[in-house]
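All chains are identified by letter, namely A, B, C and D, in their written order; residue positions are counted from 1 within each chain.
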Amino acid sequence: MSDAATARSWRATAARVLFSDYFVLWLCVVYVAVVAPFTPGFLTLENAGNLLATLLPLFVVALGQTLVLITGGIDLSVTSIIGLCSITGALAMNDDTGWLARSPMAMPVGAGVMLAAGALVGGFNGTAITRFRMPPFIVTLASMMGVSGAAVWLTQSKTINRLPDAFNALGGKTTIALVIALVVGISVHVMLSRSMFGRWLYAVGHNARTARVSGVPVNGVILGAYICSGVLAAVAAILYTGQAETGSPVLGQRILLDVIGATVIGGTSLFGGRGKVLWTLFGVLFLKLVDNSLNLLSLSLFTLTIVKGVVILLAALLDSLRTRLGPADR
Amino acid sequence: MRPRPSSPGILVLRQAPLILFAAIVLLFGALAPKFLTADNAINVLIQAVPTAIVAVGMTFVLLTAGVDLSVGAIMFLGGAIAGKLLVGGQPLPLALGAILAVGVAFGALNAVFVTRLRIAPFIVTLALLFIGRGVALTITQTRAMNLPDSFLQLGATRIAGVPLPLMVLGAVVLTAQVVLMHTPFGRQIYAVGNHPANARRAGIRTQRILAAVYIICGFCAALGGILSLAQLGAVSPKFGEAYEFKAIAAAVLGGTSLFGGRGAVFPGTVLGAVLIQSIETGLVILNADPYAYPVVTAAVILIAVLVDSVRNTALSRLTQRRIRVDA
Amino acid sequence: MTHPMKFFLRVCLLAACTGLVGCQKSETTSAGTAGAKPLTIGVAFETLQTEYWVAGFEAIKADLKKRGHTMLEAVSDGDTNRQFDQVKNFITRKVDGIILVPKDAKTCLPIIKAANAANVPIVLFNRPADKSDAKSVAVVADNFALTRETVAYLVSEAKKAGRKHKAAILIGDLGDINAIGRRDGFDAAIKGSESVVEVVARIPTEWNQEKAQAGLVNALQASPDINFIFTSSDFLLPSIVSALKTAGKYHQIGMPGHVILGGFDGDATAYQLLKDGYLDATGVQDVYFEAAQCIQAVIDLRAGRTVPDLIRDPGFVIHQANLQQKAAQMWGAQMSKK
Amino acid sequence: MTSAPAVEFQGIDKNFSGVPVLRAVTFSVAAGRTLGLVGENGAGKSTLMNILGGNLRSDHGRMVLAGQPYAPGHPTDASRRGVAFIHQDLNLFSNLTIAENIFLTSFPRLGGAPWIAQRRLHTRTTQLLHDVGLDLAPDTPVERLSTGECQLVEIARALSVDARLIILDEPTTSLSARETDALFALLRRLQAQGIALIYISHILEHVRQLCHDVVVLRDGAVVAQGTIATFSTAALISAMVGRSLTQLYPTRHGAATGEMALEVKAVSQPGIVRAIDFTVRRGEVVGMFGLMGAGRSELARILFGLEPHASGEISIAGQPLAHADARRRIEHGLAFVSDDRRHDGLCLHASIADNLALVSLRSHARGKFKLIDRTGWQRAISRIREAVRLTAKANDDQPVQTLSGGNQQKVALGKWLLMSPAVLILDEPTRGVDVGAKFDLYQLMLDLADRGSGLLVISSEIEELIGICDRILVMSQGEIRGNFRRTEFNRETLLTAALPRETQT
């Protein structure tokens, strides 16, 4: 009898940990505790700075993905948007040929152009999905191909540097990048938890038909989510471009699976209706911790790829465990 | 109370993918007459074979409202292992067997995670994509491996004048079509895709069906890999990359729904694969600007899906139940 | 349905396994650093996509081992920002020097600056950086010049044959600077000889064998009289051979219907094809020379000696006429012996 | 009766995560007889039937089927032993044909080969469809069938496996009166062939019409059983709810005021509705009766702006809004409770609070960024909860999915309360809701009318309309065929008006 009782209390504790918003953060703590002793340079201030610098842009893109996933969609085009924004910004403000070259307004206007480019692609995706009822997976897949192709075409494969220092500082100086990411993160958090638009996003993700019957402008909400995703990808493009001090059409081309992986590890559902800024933050942190530690261990890219796959699988297993320990079937 | 019988408008709408396909072929034909030759047609068909076979497997998975992102990784891993075996002097049949075994094993692994551990197919197969590619890269150490001529001969063999790849494609499509349309298993796949919970209640062993489609998909990916290698003659580290998207696009262009329960291998998926290949071939024949390829391909996919969605809206309006007979 | 407890145990087991993998690897690396004098050098490659990069990577590894130094490795798989992270990780681990294959000439500048700021010498392998105030040493072959030279040889062969040639070029990834250099080199060599060689097909390959093969088959379909093919990298040669065989145009040099064939890199396949008399010429980069120069440069910089900013790998064009005498210098020939 | 009962339940117990759902349930069903199983939602009827049908396993107790022990592990075990289960939300696959649906798990095959014998499939299906009186081709896709036709296909499926015991869960909720009569005639024929039926329904008249015996479940235990003749309807109800309900419908206090809430003028949509003309005044409760497929739900969706209409005028509170979308109509005071609660009414996985607040969110949004005023929001939610008398057990952040049907419907209705709608359209508001909760819902509706809302209540249950409405419109074939005042209410007249004028093919 007492066995059953302890088992129940053990389960209750497990459930408490599993259901906490901070679950993935606990996972991070455990991971650091296990890995740090074997990993030279892992627990240094310098490394923390490195980690932060790489985490911030990924966090910003993943936030956009979170919004789209909450509505039950998916945005595969974010990485291409990063590439496109990177070169549009660079074309506009590089010191040699840009129309903003050497203008004092180069940084703000250039960044504005990048955000506008992101919003444009997001708006295209959203319009195709809402107005023409095309499946998000295919729409964003096609724009992933098309936008990235167009970006490479636009520059004839060249990368563009000699960008204004003020612009490079946005991504290059970790403190500024941190401020940007914090502002973005807090705004999205407030939007999701406190604003009408945020509640609508969840409602649309849970059940678009019910939302429509309840007077929610469903198409507008979905369109908004994709535009947000495009704009946030553009913000990430600003950070990445600043870090590299160069506009490149293939910037960020390889991080798509990281973006989706991190978001889902955080606990955002692929079926809509579930997702939070904090979850995504922790998901990104976890993925980057794994990445960073394996890098420090100087493991080969192949091992890293395998481990990343295993980590995503483990996170999904834990998530499925969470849902099963959750409210009983009836 | 019956819906109206098919009117000419409905007939046209139902054939929309075919019409679009014809339009694209004719457009390329008008721009480059060489495109419309029999030689070129066979050429396009042969090149479309690997995509078509992988997409056939993908169709099975999509019909259950799942997805398999690991097909490209399966192709690469199978090729890597086969390459190692062949370079090590093992006979060709063993290598071919190994590729197919890898496909089935990966399919089974996907199946276990999806059915037993109840993880979303998107995540499972995404993770296995990483793992598969990682293992294959470790095996090859990213080197390209050249396969012996015996492998290339597979691709060049003709039986009774028909190229072997086309024979294989024909066999795969025929089998898939019969299985989907004329066996209890096939019809049950459609039922599971339509409503999994109801399917379980109706007494269908849904878990078995799901497991089976992932294994079939793995097998088809491996088979597609073999045929692709038979044309390439080498395994490179980029082999199979982005094939998952290509296969999904082919299936969706052929009218298969990502939400399960709707779609067909023939003509649907096969037509989709040939369409994608036609675009690429057409652009080469036109000697188009290399930069334009991805943009044009994306545009055609978008147009095809747009046509499909407009068609579905129109069809559902036309075949809507009527309450009364009005003029 | 699995019991949740059993399930959790399984998860733990899996987690433990991954942990173990990590431990094992870390032991091997920390054992290496235990030595007294030897240096630790971080080697960051952008890709190991082709045999050329693998050969360079292996050459550096072997050379460092021979000299008793420790090597930390990182491959960024084409991702600039990831490479930046990796180099910062090297700096965190206090390496004595960095050998870098950047993605392109510009995105590597912040990376170099970071190394400069940490006072870690950095040497670029095979790809130079743009001019800037960032200080680095580059060991490079000139893609443009070497390709131009190779293609010029092919054009001269075409002239010898007398008739007009229809040419196809397999272009690499349009986002890759080396691919662009080679494409431009090709164009420069052809320019002025349009009467002899007319380019009828430019096939984008994205450094992908499938695309190369399909593209070439299609091009041969469109222009069956193509008889001059240049590939921007030798690793696409198997695809070309396959496509030529399908079209029935795969003949040795000197046979009627031979297609003039040229490449770049000088890998093992290229060596084999040269020996068998199918390949006319390929531009060879001297990978061993470049590897050794990189390491020497790091050591010299560490020791405070001055090193020129640019170390040239002269490279050479290998063709049927000089095959015997140059084979010893060709890395692909060495690798095919192994 | 000498033969063994068709099925015997002996002391069936079942717990869900520690909560008992069934307690020592014991009764039997005789072959060739029909047993009515009644009880409120959550009484354990579905759980018991799921155990019988092989979807669930009991914790204790056993079942005996035709004299043999019976413990199905899977629905196929049940169908192999001749037990067929016809679920309330029909178990058909819209993308398959009738024949495929019937033989989904038992396709006739060509000898030992794995593929389907199409010709045999066709002939056997034709025979079965003939048996159940459905005149359709076997290869008709199920998505083209009406609900009543689907019901018959389900029964054909049961017959295809030679079922000796058929469970029917609320088979008549979406059937017209005529379809119900046809169904009952068929069921009586089956009884005559010695097939036993278990008939689950909230519609007690139907239970009385069809069943020989009745078993009443309450809180997972059998509280009454016997032949149907021994129970009055009132006795059945008091057994179900555990107390005696003095009345089924609340008393009506208010009356219509002069102001127009909803005016519909000459609304037509080809193939759907024609020349629809009617009004609803503030404080008025107007019923809309009609057979299944008469166009009532379609009209409701047109009025709410979810479907297009070709011509005509629709005004809400005096405001012409013929071509506005649903959102604009809501802003002008139109509210709609759909008959499809799962798809149109609720976000099942979202919390009670989020569902309740969905419509009135806009009124809590403050400032340029439309941030939600949390305290006002919270206060509003508790006010609605109180108003709709939602079960106190439920937590605000509990998913709606975990509530019973009646409580779900209260949430679906409750979300409109805060906006004090000018007009509220309710489509089948009490479908699948148990007796106790029904009364609460009627009370809620009448309270709304008393506070000045105009109500349009669409229902297939004549009794309920007669019970609460001031006026009843009758619809048939997409037209309004009658407008009856309270004094003219009469079952027969209403039904006659609802029947189609000429038979269509």
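Keep in mind that, in the parts below, a contact is a pair of C-beta atoms (placed from the backbone, for glycine too) under 8 Å apart; a residue touches a chain by one contact, two chains touch by 3 or more.
Small disclaimer: the values here were computed from a predicted structure and weren't measured.
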| item | value |
| --- | --- |
| Chain at maximum distance from chain C, centres defined as averaged CA atoms | D |
| Winner on C-beta contact pairs when B-D is weighed against A-C | A-C |
| Distance from the mean Cα position of chain D to that of chain B, given in whole angstrom | 42 |
| Euclidean distance of C-alpha centroids - chain C vs chain D, Å | 69 |
| Chain centre separation (chain A, chain C; CA means) in Å | 32 |
| Whole-Å separation of chain centres (CA-atom averages), chain A against chain B | 30 |
| Residue numbers of chain A (touch at least two other chains) | 152, 156, 300-301, 303, 307, 310, 317, 324 |
| Sites on chain C at which at least two other chains make contact | 7, 48, 174 |
| Interchain pairs in contact, sorted by label | A-B, A-C, A-D, B-C, B-D |
| Complex contacts: residues of chain A adjacent to chain D | 190-191, 194-197, 199-200, 202-203, 206-207, 209-217, 273, 327-330 |
| Chain A contact footprint on chain D (complex, rising order) | 16-17, 304, 306, 326-327, 330-331, 336, 338, 343-350, 354, 357-359, 361-362, 364-365, 369-372, 374, 398-399, 402, 415 |
| Of all residues in chain A, those that touch chain C in their complex | 7, 11, 14, 34-35, 38-41, 44, 46-47, 50, 53-54, 57, 152, 156-161, 172, 240, 243-246, 248-255, 291-301, 303, 307, 310-311, 314, 317-318, 321, 324-325 |
| Interface residues, chain B side, partner chain A - complex | 113, 117-120, 122-124, 126-135, 137-138, 142, 245, 248-249, 252, 258-259, 289, 291-295, 297-299, 301-302, 305-306, 309-310, 312-313 |
| Chain B-facing residues of chain A, complex | 128, 132-135, 137-139, 141-150, 152-153, 156, 257, 260-261, 264, 270-271, 300-310, 312-313, 316-317, 319-320, 324 |
